[in-house]
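Once you scroll down, you'll see the structures, which are given as structure tokens.
Both complexes below contain chain A, partnered by chain B and then by chain C.
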Partner chain A sequence: MMDASIAATGPQRIGRKAAGRHSPSPLPWLMPLILVLGAFYLYPLIDVFRFAFTNVSLLGTDEEYTLQTIVTTLSKPELLQILWVTFVFTASSVVVQQFFGLFIALIVLHSEKRRLFGSTIVRTTALVAWVVPGIAGGIIWKMLFNEAPFGGLNSLLRLIGVPAVQWLSDPHMVMWSVVISNVWRGTAFSMVVMYAASKAIDPVLYEAAEVDGANPWQRLIYITLPQLRTAILVNMILITIQTLNTFDAIISLTGGGPGRATEVLSLYTFNVVFRNYDLAAGAVLSILMLTISLGLALIYARFLPKGEPT
Partner chain B sequence: MRNTALILALAATTFLAAPHDSPAQEAITGDIVGKSDAPNKLVFRMTTDGPRNNEPAYAQGYSKLFNDFIGKHSDWQIELQMMSGDIGQEQARMLEQAKSGSAPDCAAVDSFVLPLFKKAGVLQSFSPYFTKEEIDQLFPFIREGITGSNGNIYAWWWSTDLRVLYRNKEIVPDAPQTWDDLKKAALSSVEQGMEGVLFNGGRYEGTTFDWLANFWAQGGKLVDDDGKPIFGEGENRDKFIKAVNYYRDLVESGAAPKRVATIGNYDDFNAAAAAGTTALFVGGNWQYAQLKTALDADEFAKWAFSPLPGPAADQRSTGTGGWTVAAFSKDNEKVKLCAELARDIYMGPANALQEQLPTRADLYDKYEVFSSDANKTFAAALKFGQARPGAPVYPEISNQIQIMMGKVLTGVQPTEAAVDEAFGASLSAFKRS
Partner chain C sequence: MRPLRQDRIGDALSYLFLAITFLFFAWPLLWLLSLALRTRKEIFLGVSRLIPKAPTLENFGAILSSDKFAGYLWNALILSSCSAIGCLIVALPAAYAFSRFPFRGKGAWMMILLAFQMISPLVIMVPLYRYMAALHLTDSHFGATMVYIALAVPMVTWILKGSIDGIPKSLDEAAVIDGCGHFSVFWRIILPLSAPGIASAFIISVIAGWSQFLVPFLLISKESLMPIGVGIFQYAGTQNDSSLQLLAAACLVSVVPAIIAFLALQRLILGAMTEGAVKG
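Up next is the complex of A and B:
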């Protein structure tokens, strides 16, 4: 019995000892990564939280720890409007990008299946917009939306007898102009995600549906969309965070105006830091952005499949 | 004979291949001016006013100026750091670097943010390096702008500018003298197929600064002596509202297109002038040279400029800005070199090179380029010039005016309410600072 017991525990003990001798501590291996992540990711984040509890600005005021900055910044009368503008911009961009991304991906897949000429051109054309930097995209659309007699889109409209549109000077229209420019740039990302996910759907499902006599609309509703559910949610999380952080395209297109008509939270934060030199208020607004992004990501994540029951 | 010819050919080839006496290409290597092994080094952060200017003639002119300068300071090497076009962001970043001790030794500082740099206490005094006579020659508003509360000067303001009304003489023969004159002229230009008078009205510093002349012309004051905003109180409020309503009326009457609320760039006016779609615009003096380059000689001849109209012909003002050179280094030798750089390269030579208005009356006579009719007129108009107030709260006031202007020009908010909102926000920013 005794021998058996020794026999049962002995190798384990020897194994652990051997593992202890040959497996080094993980710390030296992970330390460089921990240092890099700590220095370049964690430290700035901690510093932003620290700034939020101070009154630090670039104007030479002595730094003091206070809760006043948080109270003042979050109770500013313009903040509600900024949040509303941000909501409209983000929600519209995400919905339209998701729709167009899926639409283009399905068109490209079908044209590839039927070996139609031009599918690569369609795919590449959508991707071209994606590689254009935000600032450049804003400048391109500023030229197109220019309301001068020689402005791009209005010149085209006049050619076909349609009256000129006040793309940027009408406070009700300007938000949609900004959304159009953002969708133009962001659709390609959704298209790539949807294209890749659609490729992974088992063709047997479509063959079975065809045998059952399902029409294309039914195949989309009962096969494609349910199969793409995870990809759609992940894509929504990514493009929501991406859109919330967008400010380069807006700053070069409208600068946030006219008035505050297109001043989203990220641009407002940028203005507070770089125009008003208020680092502490900028830190509070950054944390607000972080909280909104995290909150949305958690809400989306709740709808992600939790794995099949066994 | 054949040998002689061969020797001559070799000599000629050697001569042609050898580096010639072209200092403009000798001392500047990449972003370094001077010898690579020079014992002393100065980091100079600059705008496009330097050897990296996009205009080849200016770039060449600056290269020569920098080479000549380094020729006199052969134990120094200057590293040139270029700022991007986003001046506001660049200046904010530099202020942050200065506070953390990592600013360049010497840099171009926009005159409109100079008060912030002075208040932050990050600039080194230039007083030991400029004579009292040199300082006294500066225009009073320039001298006031660079002087700190202790009487020392903390930068050298070398160029200034001003806003004027440009007009196409074929469409608008006479210079409008008053606000009413301008409205009539603009409406007349619209009847002739133009889009009326153009001005900056978007989210842009130029929107505030160009428009402020209309407020200043009435004697309005933005801030009091303590830097506290007062533009929304008492008589100032009335004058402010009157000046805003002047612009609002231009848009509502059709004398200016609604798109002015989207303009935040002086280049848009050049484009409209080149396309022949406008006959009137409020622009900077530097645009005169740009129009000369952009337009055919015949077209350019049609353009003239005049002082900005006022509420009455004798009530005039115009905004004056410009660039300074200032030192951040705590090393006295570097501060001295920075001051010498400001004097030898920028104060005079650079003004003449780029036709940027000098900040001293005597330089207008020294350089022939300023004897042209256009530059004489600009110089004369400087007497109506007014700089932005040297108050740290100015950037927030400017931001609020830009927001207010957008709301008023697009009809989103009544003028009075928009002005009161802008004033409240500016006051609240002042209390925080």
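Up next is the complex of A and C:
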């Protein structure tokens, strides 16, 4: 350890001194990245902010700077409903994915330790669901939720004598159907993160707890969960943003309906721009989406342990 | 005696939970496969024909032999592999610089890169659509590829930086002493040694490109240029209950390539992903 650090400081100091002369700048190496992100990410992003102050539409070229778009878009009565739907969808997806992912990870680890059969199969199946493209996932679940007696879930329910459920046409049920399909696709990510983080916990902690006579429940509460704190928060940030931006899985499953029961903010923005051709209002909604993601990320980040390099 | 009994109960509960989890994740795909193998008559029999009495590959035949679907698959392959290659070309030098060069504000740059990932593609697609139309890059694979690259490149750069960090610095220092410039260090040492990281970054971006929907949906309106994600969405809109078996087959065809690519390189991909997620 000591030798390595001395060796590492040596050339670096020389490098610093030589920096003025011929240590190359990183700029040429970063240039392709900067160009691509600048042209296809940053420039449109800046344009979004400009559009928000105009009345530009997708078809016409009439552009006039005005604050009117912002006012009317944000005061539309349906916006509140959309935000509520987005909140329910995102919050329940994130909570379920986090718990379910953690739970599977712990069970899989436990099974590996006890050499139980099947943990690898379960892990792999969950991961396969994760690779399924969003659009295809929506179509697959539409077949499962099919309310005809031959639908993939209703015919299963009939088999065990439970009455059919109106998965997609009942406006109260449909939200949970969408959440279920989203959990199916998204849980694997949490599982992978939780699995890797649990594996990284120092086994000495568990040995010490065992000596002290802690039962499995206590080990979970006093060792595993506190040790996973950072991983859980990072995971929460990532899946929240992912869920907030989900829209392909919903467009192919319900299209936002029935009525507006599953029209989340991202789908609403999409509809405003590409169905109503209202580019300026879409820009305002995009900024709203961005603000929500950013705000949530900052709130989560406040709970991250400070000082400790992660 | 007691711990033994406790272990047994724990094992039984674990098995129960594993079984439920397996069913939840596997059922949709098994159902899809079951539907795809049925004849039109058997569709209406539901779960009672989970294993069809007269399984048929006709549906796959019908899907794969239509020019439309072959085209969708081909376009998806072109778009996702070209964008994955493009991603590597853009991200590799940057990852090398982030891993090896001392420069000011490096941490901040890495965080900014990550912040890009927080922006929904939908946000930038709003102006990008007009911008691309003005440049005549709509209805072109080149235009779509560039946007794919921009969307995937922050994550790929992070993954590649992680794998280059794993190569001992003493190796490139030795090469510098032997008279190698930065470019030849990059070319002769970093590239070959980070091959596993490059492979997993490549596959991750191919899979991400394969599942792209929004970008091609907005930028490509010519059917002959559409990738599978958009194609299958359009196709699903035109189907009804009596052609469910065809839709299921089409869906399976669109899903299987991504699954195979993932399963073949599962270990590599997960290693690269978790390295980024846990450390970052």
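Quick note on the criterion: the second predicted complex is superposed on the first by the 276 of 310 C-alpha atoms of A that agree within 3 Å, B and C clash if a C-alpha of one lies under 4 Å from a C-alpha of the other, contacts with A are read in each partner's own complex, and residues count from 1 in each chain.
Note that contacts are C-beta pairs under 8 Å (C-beta built on N, C-alpha and C of every residue); 3 or more make two chains touch, one makes a residue touch a chain.
Source: prediction; values computed, not measured.
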{"item": "Three-chain arrangement built on chain A, chain B and chain C clash or fit", "value": "clash"}
{"item": "Which superposed partner A:L244 touches (first chain B, second chain C, both, neither)", "value": "second"}
{"item": "Which of chain B and chain C A:D170 touches, first, second, both or neither", "value": "first"}
{"item": "First (chain B), second (chain C), both or neither touched by A:G259", "value": "first"}
{"item": "Chain B versus chain C as contact partner of A:L67, first or second or both or neither", "value": "neither"}
{"item": "First, second, both or neither for A:V131, with chain B first and chain C second", "value": "second"}
{"item": "Partner chain in contact with A:P149 - chain B first, chain C second, else both or neither", "value": "both"}
{"item": "More chain A residues in contact - chain B or chain C", "value": "C"}
{"item": "Which of chain B and chain C A:L58 touches, first, second, both or neither", "value": "both"}
{"item": "Partner chain in contact with A:F274 - chain B first, chain C second, else both or neither", "value": "both"}
{"item": "Which of chain B and chain C A:M289 touches, first, second, both or neither", "value": "second"}
{"item": "Segment of chain C intruding into chain B (one of 19-27, 199-207, 217-225 or 271-279)", "value": "217-225"}
{"item": "Common ground on chain A, meaning residues reached by chain C in one complex and by chain B in the other", "value": "58, 146, 148-150, 273-274"}
{"item": "Sites on chain A touched by chain B in the complex", "value": "55, 57-61, 72, 78, 146-150, 166, 168-171, 254-261, 271, 273-278"}
{"item": "For the chain C and chain A complex, residues of the former touching the latter", "value": "7, 10-11, 14-15, 17-19, 21-22, 24-29, 31-32, 35, 43-48, 89-91, 93-94, 96-98, 101-103, 116-131, 146-147, 149-151, 153-154, 157, 169-170, 173, 182, 207, 210-211, 213-214, 218, 229-230, 232-233, 236, 241, 244, 247-248, 251, 254-255, 258-259, 262-263, 266, 270, 273-274, 277-280"}
{"item": "Contacting residues of chain B [partner chain A, same complex]", "value": "88-89, 92-93, 95-96, 99, 116, 119-121, 195, 201-204, 257-262, 264, 268, 271-272, 275, 277, 392, 395-396, 399, 402-404, 406-407, 409-410, 412-413, 425, 429, 432-433"}
{"item": "In the complex with chain C, residue positions of chain A that touch it", "value": "7-8, 11-12, 15-16, 24-26, 28-30, 32-33, 36-37, 39-41, 43-45, 47-48, 51, 58, 103-104, 107-108, 110-111, 114, 116, 118-119, 121-122, 124-129, 131-136, 139-144, 146, 148-152, 154-156, 158-159, 184, 192-193, 195-197, 200, 216, 231, 234-235, 238, 241, 244-245, 247-248, 251-252, 266, 269-270, 273-274, 279, 282-283, 286-287, 289-290, 293-294, 297, 310"}
